[in-house]
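Two complexes come next, and they have one chain in common, chain A, joined by chain B in the first and chain C in the second.
This part shows the complex of A and B:
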């Protein structure tokens, strides 16, 4: 019954996003911007999968996923900016020239090549996650302490990225790219291609996460969430498991960030401020944590709501979001995905009652 | 000694008739200037006055130069550079004395420009004053302009200028301007000194006067080797001494700002720590209660000035202190009833729910009050305690430190000397056991939440003294205050105080080494390393129950 339900959901999802939306665009019913916007949401959903792995399945509330997301975005942004600069004959990106810098900083050098950029975009967040995780998990920081320290870390990184002397564009971030791998970013076919790539990556990320959570490794993660001390008493190395899943989550966030950048064309430190990092966690909470489908649906739905609400009633978006937060946490512990269960329970309970009275 | 005194006296006697003759001609020229029989007479009068350089006429000449010469009942007056009321200005007489005009009750006379008759002096006439413009500024009503004029005079050596400078200094009333002026005077005397003793005496005077510029001045003198090697070395040594003293004062200043930041953090983290320890609630909306306290202060100010019609009063602030505690506390109590109550001992869930609450509160504040408002600092707390010329401790920061010390004391007494405190501590230690022993844990929790939010509101009220009131002001402090709680150990009063002050000091001290941002990163790394050794904060619970 359950697997059948799932298969139906997958088919519906793929049919809607892989066939219906592009077809709608090709038929001229949808603008290319709509397609691109959904492509962006897919990137968020990829990051949300990582959050679900670490928070929903392992019970570690990490608030620095937004930072890993931005690391991925910044890496690709640096590559695109360098390509554009070289193509226009200049030696330095504009903002560096304005900041009176005459040589390219050393950490920009490897981003000349696309291959290296992609490798570094994955390697740097993974290395960060490894070091942070090593330090935090070794000292058995968990629960709230973990959340606060990772949040403070993101705040510190945000402050660093805001500075001009770190040569990452400061408050304005990196923007104004024209092409990726030689294809113009403004052409609608490239946008459609990016959308499809994002969708494919989302689906494969989902598949990987599904395999992870259903493997023995995944079972250990859930055991850690439910009772960490018991797992460690049964001779599992809890720290290693936590560290591994932290790195995987960071990688997923970075992949999301990498795909996100060419579709929005700008990355600013604002993507990783306190607000953004809590919001990312909220996608998963709203969708239903401990449930991969919930993470994807939560990310898509919240962002969809965001774009609708900010255009219809801009002042009240924060109210809506705030109330959603509170109500979800108070009443729908399992998020949207749990909603069906609750209704079903209520329904069967009333049916039971009526059958008893008869 | 005696002879020199005698000589001076004789000089004065000789000068006296000359001086009074100058005074007489000045009055004649002034009269001609104000009511000229012909334009050429006025031109000539201004030219003569500029050439005579009599300090008493300078206010008048400056008023001409600034195009601010007016007549009030045939008397020449000028106005302040800024209006003192709604388009009204304070007035100053110009000649023979330069004083503030008062009305019959002794208050400064305030008049609009329309009540004055403007005296127009043609541009060509005014241009005659260009040569003595720097000297004129010595007699400006604006202390800053006077300071600037003094510092421009440093390199002149002409004796007439020196005389005018001395005349200006004798009248000087502003402490900063006086210091700059004396600096200029001593510098001129130093460069004109003929013997080592006089030079050294002037160097000493400069060092005692200790203006901002003194070390540079002395170093320049030492480098030029003006008189001889001995004075140069003497000046250099004095400069080094001054700089050392300045560095020490700077250290005191950093210490003080660290203390002030730390006390704000303690004030905020106090409520946070108690609530977290007691109920296992991460209250992300805690910063917003601070914001509510700040807006309560703002509203109190508005009510006092608008509704009660008490325009210039400090009273509002001292009413705002208890108000902000009560308003923020009550809202906290309501929040506890509506939301928090369902989330006890679920810290992560409470973190997310209270984040939602904080979003709602911020947006509400933005809709109600707009983006930026500021509370006027009470007159009583403006300014500062000038410990020495280069060390001023602002009263508002001193007040904040005193306030948080008082609040820490109250919290201590509440926790350790009252029945409620005993109950709070027991619930913090073991909730179920306390419930078994007949403590109403829910009631205790909601009272604690009231107190915690109230403390945040009080912190918000205090922060209006040093910053603007903006809807998302709580967010600036929330992460820092959580770090304080985490480092101090949950629910520990001593830990909170120690870590709050520690983080405050550390921030300010590292800011003096690195830039502010890197200081923050440095602190964070330090805290992470610290947690390696003390994962449960400074003062962890001991015993088996402490293990989760």
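This part shows the complex of A and C:
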């Protein structure tokens, strides 16, 4: 019964986003910007899957996923900017010239090549996650302390990225790209292609996460969430498991960031400020943590709401989000997905009652 | 001797929780430890399984020192622990609880690509039958009754197949019938495992204590003997009834 429901949900999801939306665009009912906006939401959903793995399943509240997301975005942004600079005959991106820098900083060099950029976009977040995780998990830092430390780390990184001396564009971030792999970013077909790539990556990421959570590895993660000490006494090396899932979550965030960049055309440190990193966790909280579908739906729905609310009531988005969050915590702690279950239960209960009275 | 403990001491904030001069356990022996509240019984097991770090002393298990090793190392060496307060994985089903416990390689990659085998299923099933868990196999462990959780935790320890089982108050919160069944099970397990049991329920102790009983009082070993000897020892009676006794005072 449950698997049947799942399959139906998957088919509906894919049919809607892979067929209906593009068809709507081709028929001229939707603008290409709408398509692009959903493509961006898919990137957030990919990152949300990672948050669900580390927080929903393993119970580690990591507030630095926004930082990993930005690492992915910045990597691709550096590549695109270099390509544009070289094409225009200059040696340095504009902002560096304005900052009176005469040689390209060493860490920009590998980003000339697309291949290296992709590798580094994955390798750097993974390495960061590995080192952070190694230190934190070895020192047995848990619960709220983990959240505080990772949030502080994100804040520190945000401050570093804000500085002009970091040579990553400072407050303005990196922007003004024109093409990716030779295709113009402003063309509608490239936008549609990026949308479809994001959707495909989201679906494959979902599949991988599904396999992970349904393997014995996933059960160990849940066991760590429930009773960490019992897992150690059962001879599992808890730190190894936490470290592995932290790296996987960082990679998912980075992949989301990589796909996000060409679809928005700008990345600034604002993507990893405190508000952004809390918001990412909220997608999963509202969608339903410990539930992969919840993470995806949460990320898509919250961002969709965001775009509606910011155009209707521009100043009150944070109040609306906060209100939703309070309601979720108070009344349905399993999020939107849990809400579905509650309604289904109520429905079947009333049906049972009516069938009994007849 | 399977387990040898010498001059083990630990104190919490200046209070000597445990000050054990000597303790040893034979292979396949079932030992019961009794003593009034605060005697250091659970602390003793905590130190053996690596939960609490001792201030000084030494513990050898199977000829190797295990003091100060991590919980995982100690578990791998073959020591399994059941806690006083049942510690299971409430969000997982009973079956998953048992599956995670079962003895096998437990690194990340083995877990990621794990495929169950008929032999393993059979083993899990046998243990579940032994502990009457078969009809709740696919229920979340958090929904079980207290007694069932106790059994589930014992099942977890059994599936780990340790050489030494440390069982802390297995009969707490159980009905008489359940208690007796638990006792019978421990006796059966003692044929193939060494077991240390902590218990307050004297009827239960009488049922399982075929060999030695150790009495701990205020972190020290008061006496060691058969259940009959211990039961009739005036000092033991006094410390349980809270009567002052000259010999106790000198301890």
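Following the convention adopted for this analysis, the second predicted complex is superposed on the first by the 346 of 358 C-alpha atoms of A that agree within 3 Å, B and C clash if a C-alpha of one lies under 4 Å from a C-alpha of the other, contacts with A are read in each partner's own complex, and residues count from 1 in each chain.
Note that in this section contacts are C-beta pairs under 8 Å (C-beta built on N, C-alpha and C of every residue); 3 or more make two chains touch, one makes a residue touch a chain.
All of these numbers come straight from a predicted model, not from anything done at the bench.
*Asks:* Which of the two partners, first being chain B and second being chain C, lies in contact with A:220: first, second, both, or neither?
*Replies:* second
*Asks:* Looking at the overlay, what does A:260 touch: chain B (first), chain C (second), both, or neither?
*Replies:* After superposing on A, A:260 lies clear of both chain B and chain C.
*Asks:* Can A:212 be said to touch chain B (first), chain C (second), both, or neither?
*Replies:* second
*Asks:* Which partner does A:137 reach: the first (chain B), the second (chain C), both, or neither?
*Replies:* A:137: touches no partner chain.
*Asks:* What is the contact status of A:240 with respect to chain B (first) and chain C (second): first, second, both, or neither?
*Replies:* Touch partner of A:240: chain C, not chain B.
*Asks:* Scan A:13 for contacts with chain B and chain C and give back first, second, both or neither.
*Replies:* After superposing on A, A:13 lies clear of both chain B and chain C.
*Asks:* If we overlay the two complexes on their shared chain A, which of chain B and chain C does A:229 touch? Say first, second, both or neither.
*Replies:* both
*Asks:* Can you pull the chain A residues that chain B and chain C both touch?
*Replies:* 229
*Asks:* Once bound in the complex, which stretches of chain B touch chain A?
*Replies:* Within the complex, chain B contacts chain A at residues 276, 282, 284, 339, 342-343, 347-353, 355-360, 362-364, 367, 475, 478-479, 482-483, 485-486, 515, 517-518, 520-521, 524, 527-529, 531-533, 535, 548.
*Asks:* Looking at the complex, which residues from chain A come into contact with chain B?
*Replies:* 61, 135-136, 138-141, 143-145, 147-149, 151-153, 155-156, 159-160, 162-163, 229, 274-275, 278, 281-282, 285, 315-316, 318-319, 321-326, 329-330, 333
*Asks:* Residue numbers of chain A touching chain C in their complex, please.
*Replies:* Interface residues on chain A, with respect to chain C: 212, 215-217, 219-220, 222-223, 225-227, 229-238, 240-241, 244.
*Asks:* Inside the complex, what are the residues of chain C that reach chain A?
*Replies:* It is residues 49, 51, 70-72, 75-76, 80-81, 87-92, 96, 99-101, 106-108, 111-114, 156, 160 of chain C that touch chain A.
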